[in-house]
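In what follows, a structure is listed as structure tokens, so that the remarks can point back to it.
Lettered A, B, C and D in written order, each chain numbered from 1.
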Amino acid sequence: MPIKSEPVEVNIGPQHPSTHGVFRMVARIDGERIVDVKMVVGYLHRSMEKLAEERTFTQNIPFTDRMDYLAAMTGNLGYCLSVEKLAGIEVPERAQYLRVIFSELQRIASHCMATGAFINDCGAWQTPVMYCFRDREKVLDLFEMTCGARLTTNYMRIGGVAFDIPDEFLPALDRLVNDDLPYRFEEYEQLLVGNEIIMMRARDVGVVTPEMAINASLTGPMLRSAGIAWDTRKADPYCVYDRMTFDIPVGYNGDAYDRMLIRIEEMKQSLRIIRQAVHQLPDGPHKTDVPLAIRPPAGEAYSRVESPKGELGFYVVSDGGPAPYRWHVRAPSLINLSVLKEMTVGQTIADAIVTLGSIDINVGELDR
Amino acid sequence: MINDTGIVVAFYILAATTVGCALMVAFVRELVQAVLFLALAFVGIAGIYIVLSADFVAVVQVLIYAGAVAVLMTFAVMLTPAADRKNSSTAFWAPAAVLAGLVLVIIVFVSYDTNWQIANRPQFGATAAALGEALLKPYVVPFEVASVLLMTAMVGAIVLTKEEEGEDA
Amino acid sequence: MPHAVTLTLPGQQVADRIRTRLPHAVRDVQPGYVVLEPASALEVMAFIRDDEQLDGKFLVQMCSVDQVTRIDVVYHFSSLAQNHIFEVKVPADHEQPVVPSISPLWVGAWLQEREVYDLMGVVFEGHPALTRLFLWDAFPGHPLRKDFMSLPGGQKTGLSQFPKQVPGQTGQEFRPPNPGTGQ
Amino acid sequence: MIMALLTIITDNWWDIRDLSNLSHEIEKLIGDANGPAWLIYVVSGLLGAIGIVSFIGGVAVINIWVERRVVGRMQSRLGPNRLGPFGLLQPVADAIKLMQKEVLMPGTASGLIFTAAPIMFTVPGILLMAVLPWGRNMTLASLDVGVLFLLAASSLAALAVFMAGYSSDNKYALFGSMRVIAMLVSYEIPIVISLLGVVLFAGTMDLQGIVLFQEKYWAFMILLQPLAFFIYFISVSAELNRTPADIAEAESEIVGGYHTEYSGMKFGLFYAAELINAVVVSAIISTLFLGGWWAYKLDEIVPGWMIYIGKIYGVYFLFVWTRGTLPRFRIDQLLAFAWKWMTPMAILNLILVAAEVLVWDESGWSAGVMIPAFVVINGTLAIATVYAFMRLLAPKFERFPTALRFYSNIDVPSLPATADGAARAGTQTV
């Protein structure tokens, strides 16, 4: 007579070391296998979209830092681009190059964090996280040097960048990009990529097929790991990305291991972009003068940016007043989770944790 | 040799704990506690072996019984549905008590009947080597038969569980 | 071959394409977007996804805008193969907004529809698990609506601060009593 | 009498190189003062016990510091250095913090088992210490079934884990304990068989005997039995549930494992027991494989037990090293690893050793020839078997991960519209 075992409901989160913030996953498991996954979000919901309706366009910029607090620069950039598109503002060359440099630096910092946290979910007792944090600190020092803040940078303005870069920025950036980080990434390559245990833990875990990826509108490393070569910087080049030559890493079988590889490769590509951008950095004003309470013409605009988590879109509707009439953010973390059920049902809890780590969600952006 | 008082005292303590645990196994309410008392009884028996300076058998007793059989029992207990985890009293306790009383009487009678002599043999040397010799020299056939029996038992167990999985899949 | 830079299809081109299959599905055509008839919205969506010229297989994003007289549900579709993007709106009544759910067609819409329902109150028929996403179920009202916690006259919150009203009239009922003074 | 005892200990402490000197001295002393005969056993037994328990107390405290410091250095950070010089008082602070913490017990927990579990988890660790040889004849109890005694004591841990898991009546704890028991039981077999290989070679099960064997034939056992060492090290690190096998308290999965509900000194006991077990196991490894207190000519100059402790911390560093760097296996990979890799390899090793011992006895060649021959043969065979197993059993991953494809521009294949989302509608409760 087979042993009768009824499924047990297990709560993973909201206060759990490996859910990257207050994200709760209620998994019903039968023995080790997961039967059903239900996710509960909203613990960090600050209703930013309502608040933004009562502040001027410039006052809304700090909101974008607090959404994806690990990739503040790309958040700022996305919002500023959408308002500039709405108001038809021209951004000087130097500001565009600075924007590219800083969003690529932010991508390195965020991917460092993602890789470290992912390996930590595989169980490696904080050692890789410490290495990744050490490298991330170097990038954050550069941010602090220019805009005073490490995490919530609030560096971009509508029409350009808040401050021009100080004199010691370029030599520090040069030292970081040419002498330090390339060897760090090789170190990751040797330590993590060939590691059998990680291959065993991450191979064929959380697999996404290309069709499902497109249908579930996944973006960023999730889409590229499924084998679809799509990158907003290439498809819809904003700022001066069309003058940069870089490659898009694309995976084969859409599992957690491919996503990790993609993130490490993307960090290398970012280095390439930064080198080219620093090489072509022109002089000139870093910001066009835009009135503080800008009143863009009534209308709507949607613009998107390739943030480390995926495609971050801003849909801004204005009615001619100083405040946006409606302000919607396309959060890649939330939409990348729509396939969570396909990826985890049928696998064990340990795999579910690894899958969640590989999606690299950021709860600030998820809950907005 | 420590003179006899030390050994006798040790023996009585160990005997008391073993019998006490065995009784507790029967009477304790919680089934899981019963299993743990069983493990304690096994360790008590190993202690008695040590008092008889049969060290190899004592260590093997701990390894086999306390280490493996007790864990097996716990798995068995864990697999029983939580409802009847209680050490519920069955209706058969009357006949069981009679039977137990009968066995007790027989033991007491036999222990009084035989005339025990202190075997004046020298102190036991290392028993492990002697056991090894005995197993492989005079008693090698029963040793091999026993191992074959164990093997068939294991294979049988695997086949049984295998079949069960077959149905579920 | 995909366009070098993402092309935003003009509303007119999208409308003509839709009209070839469903003549009277389009209510209004604007330069940037197309407004659909809510009744036949589902067939249009299916057509958008399966048509090889529009090829709207990738739902970029969906959200809702409260236009005081009606509520617009805004969809952005894009075709990764041809690298173009276009916008479609489905209007709904302001008091009881009901819009057909596109979750059977796009898996990505599951969470986004729940979010729109949670924050704007638009009911999507056909969505298998339409519950609140961020707020707790007993939350009164839908925050993103313009008339949420506003004067009975439906005054737009906008930039002007709330005029000092009698407490208990506009949302003060959610404020816990002040432990010190007790109100 | 006390003064005489003190003089023994103080003036020629250098000579206390092994316990036997001490017990002879005491015997002579008690003999002169014609005390009762049994007092000698009691006093020397007591001395040995105090020695070992204080060693364990010291080890449990020092190891907390060693582990945190070493893992800290591995992670390019400093590790505790605030309290006391180099943070040496940090473990003391931890101990005090744990002691003064309130010990909580879940209401529905069965009290007796709940309190008995940490004790039962610590006792085997300390029991094992009695059998280990610290000096030439400095062993508290040189049983001639020493190795078997080690296995028996370490098999009790499975029961203690179950008691902890079951009695704390918490879903996570139950998961953790069930996983650990499954692992302990399945890793016991490779341990037994690999130790059997060592015992076969040394001929005796008495640990002191094994060390003397290594001294007689002038070779560490690890050279003669590399495969046994490899299997034993991995299986025992799984038994201790340290990384890469610390699924018991896999914090990223089920938080805390079987000691989730414990707090205060009970948790302190669990934590200390884990460290003590680690030290005891590294002591066993250094005895069986690295020659215990004997180190070629060194043990004439330096007292045996100093070399021994040096080796213990050497092996302990290996454990800390693997703990600091390797990610964790999943439970089913771990069990498959135990049954598919460890057990067959151990049996293979046993067969090889038996054949070699037979050849050695029958042929009668002198040890001078046989020992180097065994070293060479066993070395190559060990590497060969591990490589063969890797080739045979390794999952069909490509040896080198498929490199990513690089696109200079976007390229999206026109895929058919995916399977209708409606099919998924029924089950979806996202």
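By our rule, a residue touches a chain if its C-beta (ideal position, glycine included) is under 8 Å from a C-beta of that chain, and two chains touch if they have at least 3 such contacts.
Quick caveat: nothing in here was measured; it's all calculated off a predicted structure.
Listing every chain that touches chain A and chain B alike gives D. Distances between chain centres, each the mean of the C-alpha atoms, put B farthest from chain C.
Counting C-beta pairs in contact across A-D and across C-D gives the higher total for A-D.
Taking the mean of the C-alpha atoms as each chain's centre, chain A and chain D sit 43 Å apart. In this assembly, the C-alpha centroid of chain B lies 73 Å from the C-alpha centroid of chain C. Chain C and chain D have CA centres that are 61 Å apart. Distance between chain A and chain C, defined via averaged C-alpha coordinates, is recorded as 25 Å. Among all residues of chain C, those that touch two or more other chains are 2, 57, 80, 83, 106-107, 110-111. Counting partner chains per residue, chain D shows two or more touched chains at residues 410-413, 415, 417-418, 421, 424, 428-430. Counting partners per residue, chain B has no residue that reaches two or more other chains.
Chain D makes touch with chain B in their complex at residues 37-38, 41, 110, 112-113, 116, 143-145, 148-149, 151-153, 155-156, 158-159, 162-163, 166, 178, 181, 185, 188, 205. If you check the complex, the residues on chain D that touch chain A are 71, 74-77, 171-172, 243-244, 246-247, 250-255, 323-333, 395, 397, 400-402, 404-413, 415-419, 421, 424, 427-430.
Residues of chain A touching chain D in their complex: 8, 10, 16-18, 32, 36-39, 119-127, 130-131, 134, 193-195, 197-201, 203, 210-212, 214-215, 228-231, 234-235, 245, 247-252, 257-258, 261-262, 265, 337-338, 340-342, 348-351, 353.
Within the complex formed with chain C, the chain A residues making contact are 41-42, 45, 47, 49-50, 53-54, 56, 212, 214-218, 228, 230, 235-237, 242, 299-300, 302, 304, 311, 313, 315, 317, 321-323, 325-326, 328, 330, 334-335, 337-339, 367-368. The touching residues of chain D, when paired with chain C in their complex, are 410-415, 417-418, 420-422, 424-426, 428-430.
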